[in-house]
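For reference, the structures are reproduced in the following blocks.
Okay, so subunit A shows up in both of these, paired with subunit B first and subunit C after.
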Partner chain A sequence: MPARARPLSPHLQVYRWQISNTLSILHRLTGVALSIGLVGLVAWFIAVAGGAQDYAALMRLYGGAFGWLIAMALVFAFFYHLLNGVRHLAWDVGFGFERRDRHASGWLVVAGALVLTAIALVLAAHFGGSSHG
Partner chain B sequence: MDESPRVGMRSPLGRVTGLGSAKDGTGHWWAQRLSALALVPLASWLLISILTLPNLGYAAVHDWLSRPLEGFLAALCTGTLTYHSYLGTTVVVEDYVHGRAAKLLSLIGLKFMHVLVGGAGIFAILRLTMGTLVS
Partner chain C sequence: MAEFSLPANSKVRKDGRVFKAPDGATHVRVFKIYRFDPDSAENPRLDTYEIDMDQCGPMVLDALIKIKNEIDPTLTFRRSCREGICGSCAMNIDGRNGLACISACADIKGEVRIYPLPHMPVIKDLVADLTDFYAQYASIKPWLQTRTPAPPDSERLQSKSEQEKLDRPSACILCACCSTSCPSYWWNSDRYLGPAALLAAYRWIVDSRDEATGERLDQLEDPFRLYRCHTIMNCTEACPKDLNPARAIGELKQMMAHRRY
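And now, the complex of A and B:
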């Protein structure tokens, strides 16, 4: 039998961009970003265990403006991944599958992540005073 | 029907019998969900703890991480985060890295990296908590 072209699932290039697939891809992207962030967190723990000198050396990298920007981006990624993860867990037990619910929970996740990131910024400023200590 | 070359004289049924489900097809799925569930409180605790530290100077962070309960929770969280990260990034590599060699090497690399990161993180925290016991 000659090889016949099999039907393909909708390709990315012709797939209409919408909130569902955007949030799905964002979940993976934030997950990968947080995995890289985990390496940074562990490096931070190692520096604390290594003593004041090691810690100061690492904080020169983390404490700068660029480090702060990355940290805040990771905080947003964390809250997004957390809230959207809970959204996924709700689906897993059978809640929120209707189109309206899916879209509402999607926007709720985005808004929630932004609000929580803002609260985290305020908390860090209020308690930390400065990121350098 | 698929015209794949027949090797030997076994029937199509004979060839697939025993090659089916390894009976743990949902194992990865479950592990990802359970670790996610555990991380909802654990990772939230870790982030809030760090955000509410008086400052991020050495003394404040050292004191915090050296306390038994905080050290224990941070180690637990590091282990669970590493496991969850391993499960997630593995799926990403399986989906997007093509080619047998590249995929296999990436998956092995991911496994080694995660054991290294998780082990190093937990070891560092244990040094802090145990250190306060010994000295």
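And now, the complex of A and C:
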């Protein structure tokens, strides 16, 4: 007699978000975000090359509050992906596998990315801001 | 391509049965347990059991046995040693994989949610089908392979430090907590060996008496079997024996690199 198909047990739906899987998926997501963000960066270069009018047109999009939010999210993505990439590099050469080290390095990466993003924000506000207008 | 949601026949119904605690119970805990009956045409569901903890042992397995003995004899689960050495009662408890027998109810906040090991075919209730998991273990040839004849008058000897390399990895009880906690294993368990089988492969590769190291590494040199490990580390978080499959897999990757360059 053909048995009825066995159900698949729940996985993503029930598994707890721990530091291990959370930071891992964040690494993926920031990687994807940076790839997409690269298109925005290239558009910016093209606008610069296109002259003052093109640049002003693009900056109406980039210079708004929404543009700033996206830019800062990408800056965070960059620093997180960079620092967590170093964390992965350490694992690849055999360091940091103990529970304490895994957790400490994870929190360090998150804190480091936030601090570097804040520094970037301060620098951007100081040197850039609305003065380009 | 990874399928993130459950197939239609696997979606869990929330309208399961509810078993109330007896009157006068003062220390009641709620257990929500995944149920699947292969003899019915219905989807899996979550049943609710209220347990008087004053009349129950401290471990999650104690609660499951109490339910089966006193409340609902149809509840099905694997168990044997009740002391964390057989690996039978591996399941997903409070969102994490572990052994019910060494998981204390007191360590869990709120409702105790119990599911079978994640992303596995379910035979009944908390019993997952481990056929493929065992086949993957067998595929790494978990036995000593030699070409030279054994010494005529003694065993194949090891130094103390050689033996110590095997101490931890050979403490694996094949409970499948690690492999079924791994998202990469969820999406690619047909081709990725998973942390348990790779830890076992590592155990034989670092064995000073084994003479098939090259063949063993050859077998792992594959985009999927070994390299689907993305160092997520859920395996090592989950291991109830406090082993470190993630480190073993990392060392295997290093061995691959070293023998090539």
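Assume the second predicted complex is superposed on the first by the 119 of 133 C-alpha atoms of A that agree within 3 Å, B and C clash if a C-alpha of one lies under 4 Å from a C-alpha of the other, contacts with A are read in each partner's own complex, and residues count from 1 in each chain.
In this text, a residue touches a chain if its C-beta (ideal position, glycine included) is under 8 Å from a C-beta of that chain, and two chains touch if they have at least 3 such contacts.
Computed from a prediction, not measured in an experiment: that's the story for all the values here.
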Partner chain(s) touched by A:92 [first = subunit B, second = subunit C, both, neither]: both
Most subunit A residues touched (candidates subunit B, subunit C): B
Touched partner set for A:46, first subunit B, second subunit C, both or neither: first
Which of subunit B and subunit C A:69 touches, first, second, both or neither: neither
Touching partner for A:16 - first (subunit B), second (subunit C), both, neither: second
Which superposed partner A:61 touches (first subunit B, second subunit C, both, neither): neither
Which of subunit B and subunit C A:82 touches, first, second, both or neither: first
Partner chain in contact with A:118 - subunit B first, subunit C second, else both or neither: neither
Subunit B versus subunit C as contact partner of A:108, first or second or both or neither: neither
Set of subunit A residues, in rising order, touched by both subunit B and subunit C: 88, 92
Subunit A to subunit B touching residues, read off their complex: 1, 28, 31-32, 34-35, 38-39, 41-42, 45-46, 48-50, 52, 55-56, 59, 63, 75, 78, 82, 85-86, 88-89, 92, 120, 123-124, 127-133
Partner subunit A, residues of subunit C touching it in the complex: 4-7, 9-10, 12, 34, 36, 38, 41, 43-44, 92, 94-96, 113, 115-123, 128-129, 181, 183, 186, 230-234, 236-237, 244, 246-247, 250-251, 253-254
In the complex with subunit A, residue positions of subunit B that touch it: 1, 3, 33, 36-37, 39-40, 43-44, 47-48, 51-62, 65, 74, 78, 81-82, 85, 88-89, 92, 117-118, 120-121, 124-125, 127-128, 131
Complex contact set, residues of subunit A against subunit C: 3-16, 18, 20-21, 24-25, 88, 91-94, 97-99, 102
